[in-house]
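Lettered A, B, C, D and E in written order, each chain numbered from 1.
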Amino acid sequence: MTLSILIWLPLVVAVLGVILGGKIAPKLTVLGTLVTLGIAISFVVRFKSGEDGLQFVTNEAWISELGISYKLGVDGLNVVLILLAAFLFSLSAIFANLREWERPQLFYFWFGIAQTAVLGAFVAQDLILFVAFFDLMLIPFYFLTGIWGSGDRETRVRGTQKLVIYTLVGSLLMLVAAIATGVLAAEQHDTDITYSISALQQLPLSDGSQNWIFLCFAAAFLVKMPAFPLHGWLPDGYKAMPLPALGVFSGVLSKVAAYGFLRIVLPVFPDASVHFQELLLLIALGSILYGSVMAFSAQNVRMVVAFSSVAQMGFITLGIFALNEDGVQGALLQMVNHGLVTVPLFFIVGLLAARAGGSEEIRDLGGIAFRAPVLATLFLIVSLATLAMPGSANFAGEFLILLGVFKAKVAFAFFASIGVALAAVYALRAFIKAMHNRVNPGVDSREVTFRDLAVLIPSVVVILALALYPQFGLEKTETTAKETVAQVQAKTGQLTADKTSEEHQP
Amino acid sequence: MTSALVTAAARGPHIDWAGLSPLVALAAGGVLVLLVGIFLGRSAKHVTPLLAIAALAASIGLSVWQFGESKSIISGALAIDDLTLTLNFILCATGIAAVLLSWRSRAAQVAGHAEYYALLLLSLLGMLVLVGAQNLVTLFVGFELLSIPLYVLCAAEFRREGSLESGLKYLIVGSVGSATLLYGLALIYGATGSTDFAGINDALRDGEIAGDVLMLSGVGLTLVGLAFKASVAPFHQWTPDVYQGAPTPITAFMAVATKVAAFGVLLRLFDVALPTISPDWGPAVAALAAITIIVGNVGALGQTSLKRMLAFSGVAQAGYLLAGVVVGTQLGAKATVFYLVVYAAMNIAAFSVVIARERASIWGDEISAFAGLGRSQPLLAWPLTIAMLGLAGIPVTAGFIGKFYLIDALVSGDYAWLAIVLVIGSMISLGYYLRVIAAMWMGEPEAASEPAAAGPAAPTVAGAPGAPPIMAGGSQEADELVDGVQPEVLGVAWLATAVILFFGIIPSPLFELAGKAGESLTGIF
Amino acid sequence: MLTTYGPAIVFVVLGAVIGGVFVTAGSLLGPKRAGSTREAQVTPYECGLPSEVRGNFRFGISFYLIAMLFILFDIEVIFLYPIAVQLKAFGTFALVETIVFIVLLMVAFVYVWRRGALEWK
Amino acid sequence: MNVILPFAEVGFAEAWWIQILKAVIIFLVGFTMVPLALMLDRKLMGRMQMRYGPNRVGPFGALQPMADIGKLLFKQQFRPRTSVGFLFAVAPAISMVCAAGAFAVIPFGPVVDIWGADVGLYGIDVSIGILFVFAFSALSVYGLMLGGWASGSKYSFLGAMRSAAQLISYEVSMGLSLIGVVITAGTLSLTEIVEAQAGMWYIIPQFVGFIIFLLAAFAETNRPPFDLTEADAELVGGYSTEYGGGRFAAYYAAEYFHLVIASAIAVTMFFGGWMLPFGIDPPQWVDPIVVIVKTVLVVCFFIWARTTFPRPRYDQLMSLGWKILLPLATANALVTAIIVVVTH
Amino acid sequence: MDIGWYLVVSALIFCIGAGGVLTRRNPLVILLCLELMLNAANLSLIAFSRMHGNADGQIFALIVMVVAACEVAVGLGLIVAIFRRKLPIDVDELKELQG
């Protein structure tokens, strides 16, 4: 069983759905995502931790004239993320099934394409293939948001335009950067042109080229995450997106960006990574603080979750650009954690809105826990996970990240810790305002149905499971994480060595 | 002199009829269509397009037969090589599409079927001559043979004022372009003493005329002349007006085929005749390309008429293509050819939908005519969607690969800054391409707004919001609203869409073709 | 060289002189009755009726048509002259070219005829 | 593009004073033929119509044209109020200039030795000879058009338009009709064409061409029966309605000048120029006389036709030009080309 | 052979033509100006042909004449067609299609 099946299956299902019509498509999609999840699990099971390099490699020539290959593979960086993606898509598919959609076959068609694109981006081992999947991811969300999004048509269209244009702008820069990487690497090392990431790792670029290419890549990834100064599309985009799509968007697509840093930027542009480390850390810090503050002051539950994502992604970036093993490990773990909490959170947002007459404004909520203890409990668990309660996997993740940063840049670690505290504030604020207090007159407090639990229970179970056994991911990622940072650390080591030697010379 | 006369007299130039056959097919087709058409009367409506298609198919077939033979025929007047023939494939395919799209158009009916299709074929012949031209004289002849039938075709619907005006505008602007081009060619000839591309190159290589003012102004004027035709900014102002006014099938044809021809000749002229002085023209052309990309994309943003928008988008795309020429390498040539194919497919798909819609909607080619199309007529909406995505350069469409190839060529040709400009242009372009998609899939269908037109209180002021712009001359087909399927239009649209998707996923065959075409420009690397 | 054309200039000049003489003779030699020009002398002659014509009036489309046809056909005649001079020298090749050319010319001619452009209306 | 066309140059050019002298002489000879033709016109026509024609001024009325011209020159000058002054005045002169210019290429003989100097008995002999004639005769349309338009009169303008349409229509046929001659002679130079007729005058092999040329010449020179431009009944006086006095004389003279030129061209192209038939080889001083006599004969033919044929309708004139002469001339050119190549 | 003056004249004519096209309103005049431009090019072609002593330029010029004639014929046809539809013969008044 190859990776090709994993990534193309959802597409096949999507096309089948279109052919078979709107009645069958929803069920078929759930089935498809579950099968995909099964395949993903099988890969994870068969994955040999502690081994160097890629596993389950597929490598075919795609456009041989340009040295582009269809190269897929799994290693420690993406093995867990594949699982996460497959899992979250299954959840969202079930989530989507709980609602009626206009022209459902089209909805699930785009949904399937999205899954293919995301999985493809995760397993692509060719730079251009990655870029292609990365760009492709957006198109389904453009349609999903524009056609089925919430809000009136105008805002919906504006939101989705903003979303796509912002993110594609980044992607297009990345396209130039990717091509430049391949071409310049071939030129500077006088070899045949190749875009295979592992091959490019062996062909480091000169400093000057690395720097501008790095910036292009970073721009693409930071927009997608989104990170603090580049998050302009986020409020409109998130508000407009339909919740199931938003769940995967926030849960998985942002991870693709973070994953991109690990997969491409650190190994291929080590010098530039070191060179721009502080800039990126600054951005990460900015995201954490800005995201937390905004989440705290947001008047809309959905936006609370949205801005908490900004903060969380800030943490992840922070971990990545700690440029050491701890940081990277933490970032990877945190990616999984954040993904796991996002989908249930947005689902809960949906449930809350359903109980508050369709409004997601905080002032329209309140006292929902009154008659819904199960919902309240589940929400609490998820909230606690979000705020990185000690004992949760998130805690482990954030701890590792902070540890990494602490080792690299103490000052940043200090300020980042503030973010941890703020997380508790906004998560609990949202929970309390929504579930407790006076019962808002507009609120109709009722318990979750069994159908709803089909989404909530699995996610909460997984969150809990990971809290108990965070090693599950960590041991798989360990080797690759080491490998990823090895080159960068060599550079930093050099730098510090240089510095120290300079200091020692009076 | 006398001896030269005698030797020439003894032989006369040798004519390779096999090599000439694709051209002969088109010329003969044109003549035949004209004659058959004027003697047939009413049945000409169906016979002439069929004949035209047969001629085009014959030309394609003969090109296939000649493919791979690289030769210079008629004492170096024409090059029948892979570049010419590849471009001929595109041209003839576009021609067939144009014929199919015109089948029910008012333009062909008003102008007379015989004339209409004959002019189309002759224009294509001009394009073919142009892309094969290896001599300044042939170049000019091709250029004019391309243009003059198009002027007439633009005005084909001569009962409608917009069409006539479009024709006249095109004529005036096009003639200024050709005069400028001609003056440039004259100066080049004066500087080098040769009208032959190879001769010019030799003269440039040997002599000290490389930096000659005469030569440089010649190249400059030539570039300007060709820029007019390829609608390269700042010589593009005519494009939206003419595109909007012309009958839509002709607009489609112009948008695609003219550009193919213009870039074919740009490639050959700059890369075969003038590569030696590329440091002189390179920066200028690059600057033009950059300006074109920005101007085209920015201009398209505010348009409400889809035809005008596509016109501006065409300007922008011309900028991308020009970038491929600037590089002056074989890679650049290949990328240009590749992108030309892709560009042709995308535009044909888009214009087919515009045509189908225009015939059915009172809104003509306004973007509002496409509102809700995704729901009411998904068969039409999909091709346009994919064409738009392709033009924007989204993966899985051939547009992505095309842009990729161009950027690749630019970066490896040390024009990374131009690649950035190209990308910035693409970013801007998202703004308007997505708008069309949004209108189709997220807009309210037309039915809701239609009563405004039908009702007695309908505002009659053209251009007033809410008024159908029939009076504005934008919707020429509107007076014969055809509801129902138009199988040939749909067929063209879907075929073009299939091409876009196919080459977006499996681009290798096209790479091979473009590669061969690029390699036939032997003067460069 | 251009000296070959010298006499032609003399001819043109002489023609101009004579033309000039003819044109101006009337005002020099003819009777002058200043201030007494009669109305009938300065109105356009229209068979005795007072002139009604004001500046631009329209005339038949046929004139334009003929003008265009002339431009096209006459220009094509121009092509025939060089080849006629060199026909013997180039032999069969030139003959074939001529035939092709004339056939195309005739196609255009047939077209024009058939479309009724040659009918004077 | 390696074909090298011969440039417009010719073996020799005389000294400048010889050039001027011979040009003046030839022009005077040519211009003398204008009144001659005018008188012939009236006398011959008179005879054919069973009357005397002018017979008062000079012997047999031979000086009548002089008297006419003199009379016209002394007329009062006036012009319509609506006319455009300068153009109105200049237009007749243009006609005159064009006629004079065209006359320059008519050959009256080969290069001869006059008192030790080589002199060509022609104004100029250039390699584009016949095209030169066409050029000037085409320009003469401007004379008519400007005159008609500048008159500011409906009839004048309509007459001018008609004459322009007529002129340009027949110009195509005229050009085509001479192609046969050019093919056979292989040159455009008029002297060379004459010399090429040493064996046989081209009227025999190019009879069809000759007929077409003749018909076209009628139309080109506005001679009856093709003088539709001044069809009195319809258009009053055509383009020259508003002209009187010297200016009318200029038009009138130019018209007869054109007639002389057309006859001379016919002589050159079809009647062997200064050659005599049956191998008679007279001394060189006879050559110009031969040409003049032949020309006068052709002029007589024109006059004969004038009295014989009725004037066609305008549309008949146009269809004759376009629908009969044009295809015929083309066919003639084609057949000539084939025969020449096959027999060459 | 020095052809400087020919080129100067040719350039002048070209500029006059271009200026006319840009500033005049009447399409007929514009058409005439276009002819000027083309003929300017012809003049320089012939001058260059003379300078280089090869006939390419002359052949070119001959072909250009034909092309120019075709252009004029089409232009005239369009203008007449517009004229007969009683449209304003003034390019600035062609308001239908203004960008």
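Heads up, the rule we're going with is that a contact is a pair of C-beta atoms (placed from the backbone, for glycine too) under 8 Å apart; a residue touches a chain by one contact, two chains touch by 3 or more.
Keep in mind the model is a prediction, meaning the values are calculated, not measured.
Participant: Hey, what chains does subunit A share as contacts with subunit E?
Facilitator: Chains touching both subunit A and subunit E: B.
Participant: From the centre of subunit D, which chain's CA centre is farthest?
Facilitator: So the farthest one, by centre of C-alpha atoms, is A.
Participant: Which chain is the middle one, judged by CA centres?
Facilitator: Ranked by how close its C-alpha centre lies to the overall one, first comes B.
Participant: Which chain has its C-alpha centre farthest away from the C-alpha centre of subunit C?
Facilitator: The most distant chain relative to subunit C turns out to be A.
Participant: Write out the two chains that share the greatest number of C-beta pairs in contact.
Facilitator: Highest contact count among chain pairs: C-D.
Participant: From the mean C-alpha coordinate of subunit A to that of subunit B, what's the distance rounded to whole Å?
Facilitator: 43
Participant: Compute the distance, rounded to whole Å, between the mean C-alpha positions of subunit B and subunit C.
Facilitator: 40
Participant: Centroid from C-alpha atoms only, then distance subunit C to subunit D, rounded to Å. What do you get?
Facilitator: The separation of the two C-alpha centroids amounts to 14 Å.
Participant: State, to the nearest whole Å, the distance from the C-alpha centre of subunit A to the C-alpha centre of subunit C.
Facilitator: Subunit A and subunit C have C-alpha centres separated by 82 Å.
Participant: Mind pulling the residue numbers of subunit D that touch at least two other chains?
Facilitator: 1, 3-5
Participant: Scan subunit E for residues touching two or more other chains and write them down.
Facilitator: Only 54, 56, 59, 70, 77 qualify.
Participant: Would you pick out the residues of subunit A that each touch at least 2 other chains?
Facilitator: Expected reply: no residues.
Participant: Which residues of subunit A touch subunit B in the complex?
Facilitator: Those residues of subunit A that touch subunit B are 63-66, 103, 128, 131-133, 135-136, 139, 142-143, 146-147, 153, 156-157, 160-161, 164-165, 168-169, 172-173, 175-176, 179-180, 182-184, 187.
Participant: Hey, which residues of subunit E end up touching subunit C in the complex?
Facilitator: Going through subunit E, the ones touching subunit C are 62, 65-66, 69-70, 72-73, 76-77, 80, 84.
Participant: Contact residues on subunit E for subunit B in the complex?
Facilitator: Result: residues 7, 14, 17-18, 21, 27, 30-31, 34, 37-38, 40-42, 44-45, 47-48, 51-52, 54, 56-57, 59-60, 63-64, 67, 70-71, 74-75, 77-79, 81-82, 85, 87, 91, 94, 96-99 of subunit E touch subunit B.
Participant: Can you check the complex and tell me which residues of subunit B touch subunit A?
Facilitator: For subunit B paired with subunit A, touching residues are 374-375, 389, 392-396, 400-401, 403-405, 407-408, 411-412, 416, 419-420, 422-423, 426-427, 430-431, 434-435, 437-438, 441-444, 507-508, 511-512, 515.
Participant: What part of subunit B is in contact with subunit E in the complex they form?
Facilitator: Touch residues, subunit B against subunit E: 136-137, 140-141, 144, 148, 151-152, 155, 158, 161-162, 164-169, 171-172, 175-176, 178-180, 182-183, 185-187, 189-190, 193-195, 237, 240-242, 244-245, 308, 472-473.
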